[in-house]
Structures are given as C-alpha cells and as structure tokens.
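Below, each structure is written out as structure tokens.
Each of the next two complexes has chain A plus one more chain, namely chain B in the first and chain C in the second.
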Partner chain A sequence: MNTNIQEIKDLCIGFKSQKGEQISILRNITTNIRKGETVGIVGESGSGKSTLALAMMGYIKHGLFTTGGECLFKSKDLLSLNNKELEDIRGRKIAMIPQNAGQALTPNLKIGYQIEEALKLHTDFNKVEREKKISELLNQVRLPSPSIMALRYPHELSGGQQQRVAVAMALAGNPELLLLDEPTTGLDVTTQAHVLELLKDIAKETGTSMVYVSHDLGAIAQVCDRVIVMYAGEIVLEGPVRKILKEPIHPYTYGLLKSIPKLSLSGLPDSMPGSQPQPGNIGSGCSFYDRCNFSSDECKVKVPELEYLSDIDTSVRCFNHSELISKTSEQKITNDLKNKITIDEILDLKDVSISYAKQGIIDQFLNKVTDTNPTVKDINININKGETIALVGESGSGKSTILKSIAGLLKTKDGYIKFDKEKLLSGDLKKRNSEDLRSIQLIFQNPDESLNPNHTVEQILSQPLKLYFGLTGSKLKTSIAELLEKVRLGAFYMSRYPRQLSGGEKQRIAVARAFAARPDIILCDEVTSALDVSVQAAVLDLLQKLKEELGTTYVFVSHDLAVVKAISDRVAVLYQGRLCEIGPSKDVYQFPSHPYTEVLIGAVLEPDPDIRPKLVAEDIVEEKPPEIGCSFQGRCPRIIGDKCRNETPPWQIGDNGNAIRCHINIEELKIQQS
Partner chain B sequence: MFFLIFKRFVLGLITLFIVSLITFIGVEILPGDACTSYLEREAFGEALAACIKRLGLDVPAHERYISWAYNVIQGDFGYSLSGQMQINEVLGPRIKNSLVLASAAIIIGIPLALILGIITALWRDKMPDIIISTVAIFSMTIPEFISATLLILIVAIWLEWLPGIVIVPTDVTFFELLPNIILPVIAIAMIMTAHMARMVRSSVIQVMASDYIQMAILKGVPYWKMVFKHVLPNALLPAINVVALTIAWLLGGVVVTEVVFNYPGLGRLVIESISNRDLPVVQALGIILASIYVSINFIADLLTLMLNPRLKTLQTRK
Partner chain C sequence: MENSKNTFHENPKSSLEKVLDIISTMASKPSGFIGLAILIFHVALAITSPWFAPYDYKAINPTLMLNAPSSEFWFGTDSLGRDVFTRTILGGRTALTITFFGSIIALLWGGLLGIFCGLVGGRIDDVVMRIVDAFLSIPWILAMLLIVSLLGTTTQVLIPALGFFYGKGIVRVARAATHDVIAKDFIISAKARGHSNLSIIWNEILPNVRDAILVEGAMRWSWMLLGFSSLSFLGFGVSPPTPDWGLMISNARGLMSFAWWAVIAPIVGLSSLIIGINLTADAFAKALGIDRSTKAPV
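Presenting the complex of A and B:
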C-alpha cells in the first residue's frame, strides 16, 4: 500500500517578469507527505512556502504558472485537473486553514452558513443532520455556545474564535489532508498556544495528515513530526523534527535557530548577515552562499544537491554538512546587554489614565465625566536615562496606547507625564515645543506604512534634519550618509524608494529617521513584529549597538516575551490597561510572579519539541476591563474569591525587586508556582 | 441604529437649510432684483415702486427669507416672474418629465452597468473584458453633446427612425412622450453605464483578490455559487452610493442632454430661468435639487446600513 498521501515531484513554479524572463519561485521541489503525519514547512517570507502549500491543493495564484513537475494527490496530478474535478477534492479530500481567518471568512455570511456550505458540498447530510454537525464541529474546536455562535457574523468574533471557526470549516468535509498556512500568526501568545493544542488533538483524534506552513519554529516544534526547511524556493533541509531543531546540519537552519530569542537564554540572539536573494537573482552556486559562515569555494560555483542521509532520515542541501556540527560547537555567544543606566530619571508617568471614549456634545457642554472605566488606568512608571524598559501584554493591554500618549498622540485623562524631571509633557502635540518633540521619537511596527512610498530615503531622512537642526546643502548630505552608515546601509541607498528595499532595510531606515533627531527617548512600537526572525535579530542588534553608542533610552513595546527578555533591562507587564507587574527583566521572568505573567510565560513556544507550553488559563477575550477589583480576575487561574473581584490589589515587592500587584501573598505565590 | 438614522435625517435637514440660505443670499447679492429683471428698461419710477410693493421686496431680507421659507415648507414656492404663474405649476410637469427620463435611464442603465461590470471583472483581461472596457472608455470620454448630436444625425436624420428633438408641449401624457425620450435615454445611459460598469468592475476585482474568495475556492465552492454568494454581496455594497449619486444626478436634470434634445425637463428649466433672470424659480430649483440629492443619499445610507452586517451589529450593540 502506498503510504504517501501526497507526492510532489520536481515542482517548479514561476512567473514572467516584465522583460519576459521566466523567474522561478519554487525550484525543483520533491517531497512526500505520509498518511497521518504532520509536516512543517518553515522558511522566511519569500521562501515560497505558501506557494508550495497552495500548489498542494492545485491552486496557483493569479500571475503564476507551473513550469514543470507534478503534485500528486493519491496518484492524481492536481495541477492537470480542471476546475470541476478540483472542486470535488478541495474541502473534501484536502482542506485549507488560512493564515488570517478574520479576512478569510466572507464578511456578509454568518458563521453557521459558511460551515453549512462546506457540509452541503462535501457530505450527504440532510438539514437536521447538518445543523447537528455544525454544533458538533463548533464544539470540537471548543467554541462556547455553538448555537449562538452559528448566528454570528465573522466580525463579531475575536481573532482566536475566527481561527477556530476556520478550523471547524476545514474539518467539515472530513478531509484526509489539512493544509495550515500560518494558522496562528497574528494571534496572541496564549490564544496561539491554545489553537496549537487544539490542532494537535484533532490530528490525534482524526488521523488526518497535516501540512503546517509557518515561519515560527516555536509553533512548528509543538505540532510537527517532520520539518521541511525552505530557502529561496528550494528545500534545503528535511527530516524529523527533533533532528532538525536540535542538531541542524544546514547552515541556514542553524543560523535561523540561533537568531530566535529564547526565554532560556539571556542577551541578544545571534543575527545572520544579509538577506534572502530575490527570485531571479540567485547566483550560480548555493543560494545561501552569500550569508553562509561555513562556505567553501565549491559553494560559490556549484549548486549542492539535496542529499539523503539514511542514518538520520534527513535530506540536506549542503556540501559541508558533515563538518557543520563540529564547527558550530566552537562558536560561543556572549551578547549580554551593556547598558549604561544612570539613576537620572528621564521620564515619569504618574497616575496616568487614558480613555478612548469620546464625550458627547451635551456631556462636554455640561462638563460631565462619562467614562469611569478608562482603557488605561493608574500607570506609574519611572524611566531612567539609558535604560530599556519594555511594556508587554496581549492585544488590548494598552501598551501601544501608553506609547502614543508619551509621544503626544493621545491625551491623558488623568495624571501626568514628566520629561527630564521638570518638564510636564502636554498631551496635546500642538502645545509641545520643538525641543520636546525632538527629544522623543517613535518607530512604528510596519515600515511599509510609516515610510512615505513617494519619498526617497534621502528625502525621508532629511526631514528631521531640516526640521530640528536646519541643515541644508552638503552638510545635510553628509549627515544623511552618516545616519545610513550608523544603520549599516551604504550611502548609495539615498536615491532609493522604500519599495526598492527589503523589510529589514526599510526598518533600518525607520530607525535612522528616529535617530536623525538625536532624541533622548525612542519609543519602539512592536518594531520587529513584521520582520522575519533573522532580520529581527539583526534589527535588535542594531538598536542595541546604537543605544550603547549614544546612551538613548528605549521604551519598547512588544507582545513577544522572548524578544523583550533579550533586549530590555526592565519589564512592565500590562493587562487590560492596568499594570500587573514591573521589575528588572531577569526577575520578572522568574517566580514568584503575577499570575498573568505566569500565564504569558507558560504560553511562550520555544523552538524545541521537548519544551511544551503550560496552558494555565483560558484564552477568553475580555472586551473591557472590570470596573472594580483586579484587572485579571476574569481569567486568573489563582483567583481567591470576592477579594479579587471587589478590591484593587496592593503592590507587593518581591525579594528580587520586582513589584507584583496581587491579593495573594508573595510568599504564597512562590510556593504555588514552584 | 435608530439614533444613527435620526442623526442622518437631522443632518439632511440642516444641509437643506444651509442650501436654502445660500441660494437666497446668492440671489439677494446679485445686482438688481426680481423687479428690475422683470421690468428691464422700464425699471424706474412708479412702475418699479409698484412692482416692489406687489412682490413685497420692500421688507427687510431676513423677513422675506422667513416668509419664503415658511411658504416653501408648506409647498408653496410663490410666483414665477416671466410667466406670471405659480411656480408649482411650472415645476410640476417638468419634474414629471425629468422623472420619466431618469427612470428610463435608470431601468436600462443600472442593470446593464452591473452586468457589464461583473462580466468584465470575471473575464478580466480576456476578450469580453477587453471589448467592453474599450467601448466603455470611449462612451465615457466622448462628451454627451457630441454623442447626442451624433445620435441625432444617425438615427433621426439619416435613418429617420425617431424624432431628433422633442417638440411637445410641457404637459404631454406619458405615452406621447415615450418615443421622444429614446434618444436622450441612450445618450445619458451611455455615459452613466460606462462609469458605473468601471466602478463595479474594480470593486468585483478587488473582492475576487481577497483572502475570503481564495478560501471559498479552496473550500470547493462551485464557481457561480461563489460569485453570487461570496463575491457579489460584498462587491456591490460600495456601489450603492455611486448608484445613488448617479440617480440624483439624473433626477437633478441632465442639463446638456436636455438642451441638445430640447427636452422639457428640470435641467432645461434651470438654464431657462437663469437666462430669463427668473430669480424665484432659480431659488425654488436650488432647494428642490438639493432635496433630491439629500433624500437619495439618505436612502442610500439606509440601504448600506441595512445590507452591511458589519455596520448593523455595530450600531445595535452600541
């Protein structure tokens, strides 16, 4: 019996460039998916992993075409079937769980209808049976009250719930193969851990084969049996998950793993130089040659073949794989932070609360306070010159709100923000003087949106220089060149437009623009979230180097606890706009800690199949913080009763200097958590 | 949701009030007044004084505005100067004629625009799209006075199938009017359909490229079912407002076309009353056209609210 459910042979997919050249996105992909196994496809953006996953369903995006090879599902070539035949396979034999369920559910159709549609197409159930099945499916993906859920529209659900609906929809046709395209990217850490747990259970219950596409090695480690690593449209490494993640024998995989910040390590991760070659720009040798630290002369001129090593059941595309392990073990990393923190206070947030609620015209007239429960409340944080303080929390925790308020983009409702000990920062941007504006700069999450696409790099960088220092002519040019130098880009980047830059380069320009103002404080809003891991490591490294050189203070907002641990001196954990815990980062990551911090740390996915996340709390989404009591009462696994619901918890100081806001005695917490 | 509808409604009323003020002030600050333009060269001495007295122009402007507005609310626009007849009697048949023309253009144009827009989007970059889109661009860019003139030349003069211009009394019956409106309707529909079809096309293409359509395909939904259930409801929602604006534009009188065909609709009345300096009629037309725009946009907003589940629940939850 054939145990392969899908066989991909020599698949090549490409597009025609404007000059009429044929450019490959996927190059000679050959692999098999076995019955009942979960295979992970890993790679950075542009590696072709999503194109490969879609091809496994016989779907080629508009503008792309196959230039060779075949995609056999049960010995039928999907790429040669017509639409009618594909409709019978899609959803019934092979189903897809999309990356962003929020956008993948049709907005005008109710959840129940969309699942029923799949049932109608792929099963013989009658109306009553279908309704029963919908409830069953929604139950199976652990959505509360299925009958109500079925009547909702997609936008009425939270991100995690939408993803669960997408899973239920995929399961409706009882498929033999499930393709998951980054199914947890964009979800909060705790939600992500829960969805992965669910997927694992489903794989176990139904015996469905799964192909899990992701850039996140942490997620891959949790669910996959086998891993395929892709680089520049090729498979560079393929083998059992433990082998790949623990002893990678391909330099790219090795570098990738090294560049992921981990909770178990301190300091910044190693970064990989360079970036993935664009399709059509791949040289004559190994596609990884430019970035490889272990290359030999052979690599430059000859393309390595995918070589199967039967003793470890692994395929690798590298000439020097046998020496890699001995070479890599010599490398040691010491990337500890060397921040010169003074006890000079630079920023003081006192009793800050921020509200998004707009006063009605009449209330404004009567000067009535309408919002008694603001989005952000009681924030007290002192920031010293030269330190990096991180604000962490899931979406809705108010971390970006606080950042915007420091930047002057949002007014505070109560409390104040003081800069440099005496200057009170106005909540109104227009009332801040040029000096205050210069001192505080902001770097945004997505450089695609924060850089004007119609300005050249020179124009982008010249704006702060002209505005704050009045530079012109050759002085301006020299300053721009110096800035580019600082962010490790050559002066020839000046004439380029943002679209001509890679994601990492764009973010470097955004960093350079912030530093152009020679600020005292830089506010970093999820600055690495949109970047690939290897690029993330490089950007973090750059931020750290610049800081060590210039003594800038960072306020760093992120949802990624591992990134935060790597870069920050101090961490403030937020839930629903209220502080839960604040302290030196090495202590916040140790117990005893606030139950919410515990939940967050438990949900972090390490790229190691032997470290499992600990799921201690449900991933319910709360729309509003509770009016009274502890902000975390709704989800707290250690709730002790009415006290938590009615009284605001007190601050307690731990042995290590971290402050925890909880009703449970800190000694008691230590015992419970150990 | 009801609060929102109420808010839109009040906003519409405020808009009308401001429009009425602007037209009134506009007419007021023009040199001369209704009497001087009516009496022309005899506008002096006793005749002028008598006229001013008769039309009540000796009262201060704000009082005249109030009494005018009060009458308008009750549906009385006063007297036109040129014909010395009630403005309501002037407007009535004109509105009817414009309505006939507009309805015909709407009945033909909008379904055609939707169908063509959808066809061009679904067969994007293929033969049907290339042909329809080219024709659409032509009929969009050729100004209507040229296309209308060409139509008259070909259909009325060379082929002698239909009357070239409309020579009927203002108050003909519907069936007498019908053969006369065919050419004007074609002239209007050409431009209108082309515009809307392009809009629908881009909207459908945008939805077709969305994640949820890719998902529907990968779910195995048959093509036409996907088009009707997943694509069209989402693609046509933004079209509602464009359709509304087009309808308002049609009802408000398609000035150029009406003039070319000598069609007795509102558009031509605007031109006539301006060139006759018939200020009360201009004023009345201003407020009527504004009401048409405001009420049609209001209806479009209501429709969007009703059809878009996103807006619906957002409002009710609040």
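Presenting the complex of A and C:
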C-alpha cells in the first residue's frame, strides 16, 4: 500500500496576462497519491483544484502552461509525454469523471452502446467479451437489471443513475487512478449519499486509487482517506481525513469547518471575513494573511513553507499552527436567531394547487385549468410577520414553483394566496398593483444569472428605486450608497459590473436589490447554494442581520437541511409538490417525523468521517406524484400497505407542534424511529 | 473570483472611453489593424476624393481612348477616354453610402423583429420565423432585379430594398441572442418587480444582445457591398456616367486582354474594401468577446 502511483513535484502552472506578466494559479504543488488510496482535494472555487486534477492526467487547459515541476505517473512525467503516449494512458490507466458527467451522456445513444464505445476505445476485448463486461460494469455500479438498463436512453434514467453510468464508463478501461471532479455536486441529497457509497465500495473492490475533487467537506469526509486543502493555488494542509476534519491545524481549514452549518447545532455558523485573493494578487506574505485570525507580524512578510509533522502525518503551511493544535473544530457558540415574530399573519396560502399542464383550447377560453394531478397540490401554509419559513425537499418537489406563484409569476390552479390578511394576490403579474409587487421581492440562486451582466451595480440598484419610489438624481445616489452600506459594501462598488465582483459580493448586490424595494416579504430561492461555504456563512449572516433590523419575513427555499436548520424558524417539508410535514424547525429535525423527513435527515453528509449517512430509502426519482394515496408511497421505507396507496394520509399534530401527514400513528412513529 | 479590493481599481468608463477601448483592442492584432486601416482609408477617400480628383470623371475624350498608365493618367484611361484613376477613387462613394445606410436599415428591422420574436416566443415566433425562412429561400438577386426593374434604380429604392434583403440574417442572430437572455433570472426578476415590457427590452435585453447584432450587421455590410456591386455589374445599380466599381468592371471586362488597367483598379478597390470590412467585423467581434463561429458570447 505504500507505493506511490503518482508523484507531483514542485508543480507550477500559470498563464500570461494581457500585459505579458506571468501569473501563477498553481504554486509549488508537491504531493503523492498512493496505491489504493482515496485522496480528497478541497478548496474554494478558484483555488486551483480542478487545474491540479487535470494536470494529474497530463492535461493543461488551453491558455495555461506549466512553469516548472513534474507530474509523475508510475515514474513517467505526464507533462512531457506526447499525445500518442498520453492517449495510451488516459482512459486506460487514468480515467476521469468530470462534473455533470451523467448529464453529458449522448442523449440519442443507448447506455449499453455508449459503454461499449468506451470499451472499444480503452480495451482490446472482442465483441463477446465486451457484452459480458457491459453487464459486469452495470452490476458494479449497482444499476438494477443490467440487461434492460443497457437498452435505455440516458433520459430514461434518473440523475443518480446517469451518474452511475458515467462511473461505469470511467471504469471501462480498468483504470489504476480515477479522477473525480465534483462527481456529486448538483445531485439531490439522497442521491448524492448513494453515489458516494457506491464510489467507496468500488474503491474497496477494485483497489483503484481515487482523487476526489470537491468543495463539499461533507462528501470528502465520507469517501476519502487523505485530504489536501488548497488555498489560492497552494497546498495549505494535507493529512489523514480524521485529523484534517476534526483537529485542523491550519487557520483556513479551521475557519472553513466553523462556517459550515451542522444539523447538531442551531443558529447561524460563524462566518469567515474576506475572500480568497485572485491569481496575480497574492501579497508578499502568507496568502491567507488578510483573513487569518491567528496571524503574527511574520506572516505579512514571509511566505510559510509546507512543513511535514511526522507525529501526526500531516503537512501544514502556517507559522503558527501550534496555536491551533489544542483547538478542535467542535462548535459550541451559536448565534441564535433573534426574530421578532408577531402573531400577525402576513401571507396565507390556502389549498394552493399549481399545474404546469398545457391547457386545452376550450379550457383556455373558459380560463380554467383541468389537471387532476397537478405538480403542486393542497398547500396550506400561513406565515407570520417577521418569521423565516423554509421549504425543503429534493429537486422537483415544487419549492421554486410555490415561490413563483407567490411572486405572481405562475397562476395557481386552485386555492388562493392572501397577503396581509385581506388582500387576495392575483396569479397574474399584470393584475397586481405596484404596492403588492413592491411588498414581495425575490432573490435567486445564481447571482451570475440574476444580475444583468451589462449593468453596473448602480444601474442594478437604481431599478427598483426608480420604479417604486421614483427617485432620481442625488436622492437616488444616496439611497444606493445606503443600500450598499446595508449589505456591507463600500460606495465605490457602484461603478462595478457583476463580472468584477466575487460570488459573495454578487449575491450581496442581489440582496441589496431586493431590499431596495423595502419589501415585507422576501422570497429566497436557494440563495446560498451557488456559493462557497465560507461565503455562504457570510451571506446567511447578512440576511439574518438585515431581517433583525427591518423585521422582514423570509420564505427560504433550500435543499440543504443544515442551512435550513440554521436560518429558519419554521420548516415545511415537501415531496412531489405535497406537504409532508410542517412545524417549528427544532421539532421537525427531531423524531417523530414524517418518514420522508427521516430519509432526508439521514442522507445529510456531515463533515465528520465518523458520522455516516443513514440510507433508508432508494434514490429513485419519480416522474409524477401518485394520483391517490400518500405522495411518498413510492419510496417510503415504512409503508403500511394499501392504506398508503389509496387514502390520502391525515394530518397529525406531534407533542412539539409539528404536523405530520402520515397514516402511521404518531406514537407508533416515535417508537419506530427511536 | 475573489478579492476585489485589490483586483479592480478601474474607474467608471464613459461610453467614449469604451468605444476607444474596443477600437484599440481591435487594432492590437495585425488582422484587425489592417482591416481598420483599409476601412478608414476607403472612408476617408470616399469623403475627400471629389476635392482632389485630377480630372472630370465624366469628361469623354475620344483621342485618349484606352491609354496605358502614364505619369499623366496614373491608371490609364478607359474605352471612352476617361481617367481611370479619377473614376476609381470616386467609384466607391455610391456603393459605400448606399450599403452603409442599407446596413443600418437591415440592423434596425432585423434586430427589432428578432428581439420581438425571441421575446414573445410561442406561436407568433414560429409563424414569423417561417415567413422569414421562406424569404431566405428566394434567390435575392432575382428578387432585387424584379424590384429595381419595377421601381427603378434610385437610391430611395436601393437602400430599403438592400436593407430588407440583408436584414433576414440579422433576425436570426437577434432572435437567438434574445432567446439566450430571456430565460435568465435577471429578466424574471425584472418581470417580478413589475417593469413594463418596453423597459425590459430597453434595459435588460438590448444591452445583452447589442454586441451580437452589431457584429452581424458589420458582416452583412461587406456582403451587401458585394451584392450591390453585382447589381451594378449587371447594370441595375448605379446609372452611368456615375463612376462605380461594379459598373467599371462590367464595362471594361471585355477589354481585359489588351487594356487590363481599366479593370484592375476597380477590382482592387472593391475587393480591398470588402476584405477591410470583413477583417474589421471579425476584429470587432473578437474585441467584444463574441465567437463568430457560434455567434454567441464566449
């Protein structure tokens, strides 16, 4: 087990800027990958982890070039091989699964055919051997009935199954080293947990070395033996997974772990100030100096070396790491929510159903939606002033659909949405008056998409101010500066374009734009899922501070149960557009809960290698909700037979005030789940 | 994408500075520099040539028929004894003017219709695009010939007719670019705030599709120039004795074997202008970060 399959020595990769300066994005990377080992590479976006992973298979992205060092695979320097020699290695000895590999399958070719193509390319098998290998591979990635699967097209598989096919294709050439770039990002929580489980099993069965690139420490904790932490193009910490995640001795990793919301804690996590320096902008001292809480004068002027501590088998790049040795990443202090909730209803969703079905001509004429099985059905939620209510569920559970209909972007089929107790909100945006439009604002998931790339921050923020308050001239300018101040940005940001902002800054601008309207309700659609964890914590903190100051009500949609737990007062759990459970967040996360909530909580990945996810249900994704009976019947691990299939389950109120919609008696659930 | 504090010290740029920026980026590559130089040369020539043309372009002189280039007549004389140099430096004026305005018309109607189609989508979009496609399949030269033979070859006919035929391609580009932005969250966000459609087109869509449309327009200009010259060549563009390259080539081509000078000069004039516009359009696209092969911002 001690032989190295790959040795990287002093690798430097950079590019030439427009001014002709050489700017490095990977600096002096030295590390080894041992045989049979799974190594995780973590770091914020832009830290260079993908660049490193690509270099590990001898690939340098266009526009980049190596400025030193080597990358030895079985003692051969990949970076000096020619294309022909690399072709013999790639796919055969080293395989890669890029991000979204599952979605990248060719849509019009059958799964079996695509795997066969990979086999033709990477092995010397004949037809019969290939056939055999295909079903072997499909078996290996735990796809049910391989012979049938092989005949399916990619769109006939779920996201998790597609990802499994991508894994099977990568395994086709029997690689000795498998590189995975964010292999589970973008998958649902439950699916993600299953795919990780599979990867772990494969590593064990085949003895393949794996390099696992991810920004998600939870996933890393599940699969990796060793972890490399990257920051601004350097390795800052490297060691056994337990050591790194439980007793991190580098200030960056320490802060990073603290900024991750965890299920076991309530309230917001600590956030790390600042952001990662851009390539070419790294000062003369430690690259983490600006954000470090442990820095000394030395750090500002001297660059720390990667130092190997043999007693804990860990390498660390920090002068003051000994200060951290006694500290563990255990979080105790929590920043509890101080929401002033008044029992004063601001939004009332009554029996809301929403359908995406196309209307027939006659129905269109009668302005009627006929759909017996709408995407979202029977939603009853009332929201109080000052409250944060979260909607959770996997993708396709209708979270965003509900937000859109509150915002007036989608018509409801049945039921109504009432604002401020008496005002009925029209499902048609054009029929809402300016006052109602102003009162409800939206913040989106991806700030790259939600900010017009051709507008300056000033233009972006002036839109709501002009539209709702008719501000112009110096008044407008002052208001914009005030808004920027509110989201902790200086007035000099006004002239920036979105592309000149970091992810976190962009999201702050999106937050500022929503608050510009002085709304009563803000609908947040996965507002932190496109952000790095350290940035996520800061944005959550900002949202919370603003609401404490202004008493805004949030409807917060997220698939991340830990984030939801941190920020919300109440949680509504949705499956296939139907409510399963609703209640105060601390109670929803406790048993008894709805079987679906149980599945979701079980699948959460904690950044702790000793907490394993509990995989209770299959990760199949259903196309449509069932017409009758319980919406969760298709996947429920506790299903009790025909009653679940034929009758809509009743609402039951638990001791803590959370309402559960299930046929199993709540006392019985409590016993089963304990 | 971090640490903006040390990364961007840029001050806000005025529109003029932005235009100058783009031009200097274009000129920083050899092909862009050559293209721009050729284009500027031609435009300057077209504007100033009437003042320094050595002879009267329409002065016919039977005694000077088909003289070879000399110190007196740099490019020689044509079959009617007119100075080829004079006629060459004046010969781009009509073509440039007509196609320039033709391109603007093409940009306007093509861009607006494209954005409209991209915005409304659905049935209306389908129908309009079918019609545009149907027009695309008519050989434009036949249609042009029909139009000019019915309505005459005046500028008032040529500019809108050319603008119409060369705008169809712009419709496609504008529509595709609009489709790309229409699904973005910032448009949905503007809708949810309650902005009017007009304000959404003007503020949100136009700035994002403008570059693609302008580049396409610049490209169309060079094609239109070729098209217009073909019309002249066929005798349906400029009416004699106005000097025009297409017409000059057409008149002199029969004499090519013994009076090559009468045809070479207009050919060089026309092709260099087309190449110049082409190179400029390409450099323009690159400077704006648009990949012409996919017609989408990269």
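Criterion: the second predicted complex is superposed on the first by the 641 of 674 C-alpha atoms of A that agree within 3 Å, B and C clash if a C-alpha of one lies under 4 Å from a C-alpha of the other, contacts with A are read in each partner's own complex, and residues count from 1 in each chain.
Rule of thumb we're sticking to: a residue touches a chain if its C-beta (ideal position, glycine included) is under 8 Å from a C-beta of that chain, and two chains touch if they have at least 3 such contacts.
Keep in mind the model is a prediction, meaning the values are calculated, not measured.
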{"item": "Chain B versus chain C as contact partner of A:P277, first or second or both or neither", "value": "second"}
{"item": "Which of chain B and chain C A:E505 touches, first, second, both or neither", "value": "second"}
{"item": "First, second, both or neither for A:R432, with chain B first and chain C second", "value": "second"}
{"item": "First (chain B), second (chain C), both or neither touched by A:G159", "value": "neither"}
{"item": "Which superposed partner A:S495 touches (first chain B, second chain C, both, neither)", "value": "second"}
{"item": "Touching partner for A:S450 - first (chain B), second (chain C), both, neither", "value": "second"}
{"item": "Superposed model, chain A: greater residue contact from chain B or chain C", "value": "C"}
{"item": "Partner chain(s) touched by A:G69 [first = chain B, second = chain C, both, neither]", "value": "neither"}
{"item": "Which superposed partner A:L467 touches (first chain B, second chain C, both, neither)", "value": "second"}
{"item": "On chain A, the residue positions that both chain B and chain C contact, one per complex", "value": "none"}
{"item": "Complex contact set, residues of chain B against chain A", "value": "209-223, 229-230, 233-234, 237, 307-310, 313"}
{"item": "Complex interface listing, chain C residues touching chain A", "value": "1-4, 6-8, 10-12, 184-186, 188-195, 203-204, 207-208"}
{"item": "Residue ranges of chain A touching chain B (in the complex, touch as defined)", "value": "54, 57, 59, 62, 83, 86-92, 95-96, 98-100, 103-109, 117-118, 121-122, 153, 155-156, 166, 169, 173"}
{"item": "Chain C partner contacts - residues on chain A that touch it in the complex", "value": "44-46, 274-278, 281, 290, 407-409, 429, 432, 434, 437-438, 441-442, 444-446, 449-456, 459, 463-464, 467, 494-496, 500-503, 505, 513, 517"}
